[in-house]
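Each of the next two complexes has chain A plus one more chain, namely chain B in the first and chain C in the second.
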Partner chain A sequence: MVVSDERVSARRRRRAGGQRGGLPAGTSRTAGYGFVAIYVVLLLALGVAPAVYAIALALSTSGGVGFSHFVNTFNFFEFAPAFEHVAEFEGIWLVSQTVFVVLLALMVHTLKRRVSVAFRLIFYLPGAMAGSASAVIWLFMYTPSGSPWAFILHGLHYQVLSNTVQPSNLPIIFAIMAFFTGAGGWIVIMYGALNNIPDELIEAAQIDGSSALQTALRIKLPLIRKWIVYMLVLSFAAGSQLFVEPQILAVATNGQVPAQWSPNQLAYYLAFQQDSFNNAAAVSVDLLVIGLLVAVLLVWRGRLFEVE
Partner chain B sequence: MFHTVNSSNAMKLRRCRRLIACAALAIASGTVAVVGVATAGAKSTPLIVWYDTNRVPYVKAFQAANPHANIKWVLYNGNQNGTGVLQSKFALWNRTGWPSDAPDVMFDTQNYDAVQLGSAPYNDLLNLKNYVPKKVLNSFAGTSMKAACTTPSGQIICLRNDSAAEVLWVNPTLYKQFFGSAPVPTTWAQYLADGTALNTAHPGYLIGSVGDGFSIDDFFLWANACPLDQVIGKGKIEINPSSPNCTGIANLLDSSGDVGKSLSNNSIFSVNPQKLVMDVGALWMGTVVFQTGATTGVPNGTMVAYPAPTATNGKSTTGDLGGGLWLVSKHSRNPKAAAQFAQYMATSPVIQKVGVEAGLPQYVPDQAAYLSSLSTTFGDPSVTEATWKQAAAQVWDGWSPVPWSTDGVWASTDLANVTGGKPVAGEILPYAEALANQARLAGYTVVSPVKAVANGQ
Partner chain C sequence: MLARRYAYRVIGLLVLLAFVAFFGVPMLWLLLAPTKTDFQLANQSPFAFGSLGRWVGTFNHVINYQGQLMLGWLKNSAIYSGGGTALALLAAIPAGYGLALTQFIGRRALLGITLVVMIMPATALVMPLFLEAAAVHLVGTVWAVILPFAFFPFGTYLAYIYFSSSIPKDLLAAARIDGAGEWGVFRHVALPLARPIVALVAFFAFVADWTNYYLPFVMASQSGTPVTVGLQILVSASPRFTPTAAGYAGSEIFGPDLAMATLIAALPILIIFLFAQRMLVKGMLAGATKG
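Our next item is the complex of A and B:
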């Protein structure tokens, strides 16, 4: 969706290097700097420069520099609802994703290796259809006349697609879509994190009489805490920038999902349907600030960058 | 005629020195143009034209009639509802400069686009007033040019292609079966009463659909002259949900008990045409939705068009859904040729008789020939032809083109409520408020006698 793999993998690379402490034999520091340099160049060109441009656009007014575009957009009738929609969506999605991902990863980790491989693959499969593909598949799932889950939709008295896609249902509709596309990948990552826990530690706990449940809650969970925070930081940013799913559903339902449902859609609408780039930039900067604030909060409270 | 010299021949013509040889080459190539566009074409920059899949027959007809015209055809989605391709491209080009492959002429399926793309902050459409003769401009049906192609300041920023006026489609076989020799309804009350009769006597048979974002707002509110979208000056819109033209039709719909029964909650594109006794819909729906265009469609020659029911205020007005526009870019390097091309496409009988799916030409001189081609397509051709012609001129012009989709607003605000069983009358005010919000977002001033709509509270 929004998070660039480049950034994630670069961060992981640095983390891996940091955890091991020293440099593996046969590598030099220059190679490391080389890789970081490539990342920094890409980050500056594709991450920092557009952000700076957006800030400049948002602050430049006809009378010089000012906050009028922020005030303007804040007063748009769609502004507050768009943020409310996304807050509701993130509330449902982040909670359910965190609970199920951690729970399933812990359960899979207790299984025998061969069985757990099969389960991880099954969990991961829905994630293969990301973004637009998942939106199209879920559109089909939500249509009472065509869905394999029609009996559930009929049970809710939904006879036509416009019943399912009613405004009050949208946050949960997008949360379900996001959950199935994202959860599998995170289960695999959490499983990897669990595998990093030294066997001696778990054996020691078992020798001391710790049950499977106690081991999971008292030993494993605290040791993967940073990974959970990491998941939350990335998921929050991705979720607050929700765009593809509502946009496709809006087109597919001929506008039943408003074109300004999420803040990112509002920004897109302002820029590309109203030719008002300054206002669009102001909404984007709002999103950037919120994303950064939440990330800083989570990193700080979750002690993400502390080295034990 | 529309002729341009294609580039290779133009080069040969420039190179040839001897008079006789030149004449021979010109005759052989057959491309020496007679009218103004030729000189433009000789510069060897082709006109770039964007068209959509439904306009393929037009392109073929054009190519057959003008085999040597220097035109680069580019297929796109026709700026289909909700996609805003032109809006986004234009917005970007206005910042970065217009590239040489930007279109000169575009076919656009959204009637509200021209006003948006032709006014601030876009201002990207050519004022055709200076290029298309007044006589031609005055020959478009009824108020169709005023309705979609004229800015409040009087610029002509597009040409209408086809009419998509609303009519009452009737399947005479089914109608006779259920209502005997009773005449086809001419008022909303009669039309809805027929639906009520079907609800109990023949459940499953339909008089239409309310399941699309356009159903109630275009075919009932617009047709009944309900003033929820009336531009009354530059950047000024009047929205009056308390008008009896709005409440009257909504109350009729509710008291009939037809919504969700004989007025299906399903999209008109997914109801079974075999069950459709009547439908108020656009004139292009006759073939596309009810006859050959649907897999379960009724045979050609079945459906007959009658005038849409008279409005509750007693006037003969009707609604509209679709119908395309020809737009010319202000940034065209060859505005004269581009305007001439657009005029040719919108008015030439060579183009405008192609395919009934394209709809009735808005250009009145082309209508007779087009209508006579319908004789085998619909039942009772003389009635259908007269109805179409009349409907094209009766579209109520108080439902103005605006830079937001009124259908989209109904879809996101009211559609789920109506298909979920809530009364239509309760949806008029929320719809008006949502429209007012969209208007303010686009920088319009909202005038309304209803406080909640005027203040956005």
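Our next item is the complex of A and C:
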């Protein structure tokens, strides 16, 4: 309701603006530069410059310019596994997060408002533990002795932490951690999006004999599609940067979880333990390119962000 | 028919309760763990309550650990997040205004770049940022952390959306006719109306800065360690997870201490979260689509 009203008035405004040549009366063209100045300086120094620098480092070789650092890193035995690990983690996490966030938002949305407040708060509060706090909490959750989930861990015949965090389990281990801190915020956001659906629309469907399930799937779901895509893309970007969780697990398991588990960890290891900034830059650029591809796909194809 | 609907309801309720347990149990555990001894923590029911005295004792032990390390970490986190958020606001709010309500060459390009860097994986830039900071001798200073935090394109984008959809252009035009300069219009007309967006950007920036691990991990000196990195130091000082870490009596970090440290580290964000649920919704819904 609100959204569509705003959209109409925005269009009207745009049209009105167009008639005046897009410029409110009396606006000077130079003033704009002043307002964006600080931001542009930061953008150039801390966004564009490091990206360009990383690319330059990755491409500069002893013989001039070339791709040898990319080839080098590609052939490291840690390289392919690191990207596979994160791909597997992202696959598990993004699919389960999408399914459960949408499901829970739809379910909570059918509850009475007063009841749903409590549910939303419980789902959302773990978001405050993002990063190393959640990593430490889950160290305990994954340790069979004393864990509230001991009954599950023992059911899987895990006796100690190192059983739980065995290599083949790690993508799921990190997906659970990411879901714990990330899902609640998105449930709350989806709930907000569902609230923006006009009541008349839902009532009309019900009068036409649509069941609660049909209403959810055929009416509510398509209307929040945009936010699901938005969640997927932002989550993908965040997930590709996985660092602190495997880092803390590496410390807590005495290296059983390798310190080059994710590409970001590999880049860190190359830069600061191997003093090979060129190779580290190559890995960073790989990550950047993957991230940028998704970002560009979103901005231009997904039509998610309307730049007027 | 009625029976089936009833069954759906029960299943739905069970699913909801399962997720309540998933999200709620670790939080409840975190509150209860510091009431117990390390032995009780590993051997008693996870939901058993130790004693309140023990909770206070654990709190004191964590705070006083190694000459009050924890307080130093919290102070560093506060400096980084406070400084980063303040500068982010200083840059983002006027920039959003400029992008939304003024005209200049390159405006659309700047908007496009902002969108792209907003979704770019930021940690991929940490290593080149480190080299950049090293080149200008900033590594180990607070600026090596605060300046990258100050660059917050998501904040600029949110401010842009707010100014382009919530501030009537006629109001600004009226102020100009009354003789206000461009800066005066922003300062005296737009900014007083922008309080909600200032709060919103501050919320997102502060939470992102406080929970950031990788950037200060790379940039900060040992005395500049923030609480996120401090938690990792405590894990490596804990005999529970690092068997070689056993220190002299009384100096160890045990399970309950680690839980207490985690609680303290997250407390500022927990408090902000308790009050800011609506902000999150508003910000993200605005972020996904410009009306």
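Everything that follows uses one rule, which is that the second predicted complex is superposed on the first by the 248 of 308 C-alpha atoms of A that agree within 3 Å, B and C clash if a C-alpha of one lies under 4 Å from a C-alpha of the other, contacts with A are read in each partner's own complex, and residues count from 1 in each chain.
FYI, a contact is a pair of C-beta atoms (placed from the backbone, for glycine too) under 8 Å apart; a residue touches a chain by one contact, two chains touch by 3 or more.
Worth saying up front: this structure is predicted, and the values here are computed from it rather than measured.
Asks: Using the touch definition from the top, say if A:Pro167 reaches chain B (first), chain C (second), both or neither.
Replies: first
Asks: Output check: A:Val136 vs chain B and chain C. Expected answer is one of first, second, both, neither. What do you get?
Replies: A:Val136: touches chain C, not chain B.
Asks: Does the superposition put A:Pro50 against chain B (first), chain C (second), both, or neither?
Replies: second
Asks: More chain A residues touched by chain B or by chain C?
Replies: The partner that reaches more residues of chain A in the superposed model: C.
Asks: Could you look at A:Ala259 and tell me whether it touches chain B, chain C, both or neither (first, second, both, neither)?
Replies: A:Ala259: touches chain B, not chain C.
Asks: Quick one: classify A:Val71 as touching chain B (first), chain C (second), both or neither.
Replies: Neither partner.
Asks: Is A:Val296 touching the first partner chain B, the second partner chain C, both, or neither of them?
Replies: So A:Val296 only meets chain C here.
Asks: Once chain A of both complexes is superposed, is A:Phe277 in touch with chain B (first), chain C (second), both, or neither?
Replies: both
Asks: Touch test for A:Val251: chain B only (first), chain C only (second), both, or neither?
Replies: After superposing on A, A:Val251 lies in contact with both chain B and chain C.
Asks: What part of chain A is shared between its chain B contacts and its chain C contacts?
Replies: In chain A, positions 145, 251, 253-254, 271-272, 277 sit in both the chain B and chain C interfaces.
Asks: Would you tell me which residues of chain B are touching chain A in their complex?
Replies: Counting only chain B, the residues touching chain A are 81-84, 87-88, 90-92, 94-95, 121-122, 211-214, 265-267, 270, 403, 405, 407-409, 411-413, 415-417, 419-420, 437, 440-442, 456.
Asks: What does chain C use to touch chain A in their complex?
Replies: The touching residues are 8, 12, 15-16, 19-20, 22-27, 29-30, 33, 41-44, 46-47, 90-92, 94-95, 97-99, 101-105, 107-108, 110-125, 127-132, 147-148, 150-151, 153, 156-157, 164-165, 169, 172-173, 176-177, 182-183, 186, 207, 211-214, 218, 228-229, 231-232, 234-236, 241-243, 255, 258-259, 261-262, 265-266, 269-270, 272-274, 277, 280-282, 284-285, 287-291.
Asks: Inside the complex, what are the residues of chain A that reach chain C?
Replies: Going by the criterion above, the answer is residues 3, 6-7, 10, 13, 17, 22-36, 38-40, 42-43, 45-51, 53-54, 57, 100, 103-104, 107-108, 119-133, 135-141, 145-150, 161, 180, 183-185, 188-189, 191-193, 196, 213, 226-227, 230, 233-234, 237-238, 240-241, 243-244, 247-248, 251-254, 264, 267-268, 271-272, 277, 280-281, 284-285, 287-288, 290-292, 294-296, 298-299, 304-308.
Asks: Taking the touch rule as given, give the residues of chain A at its contact with chain B in the complex, in rising order.
Replies: Interface residues on chain A, with respect to chain B: 76-78, 145, 159-160, 162-163, 165-167, 250-251, 253-260, 271-277.
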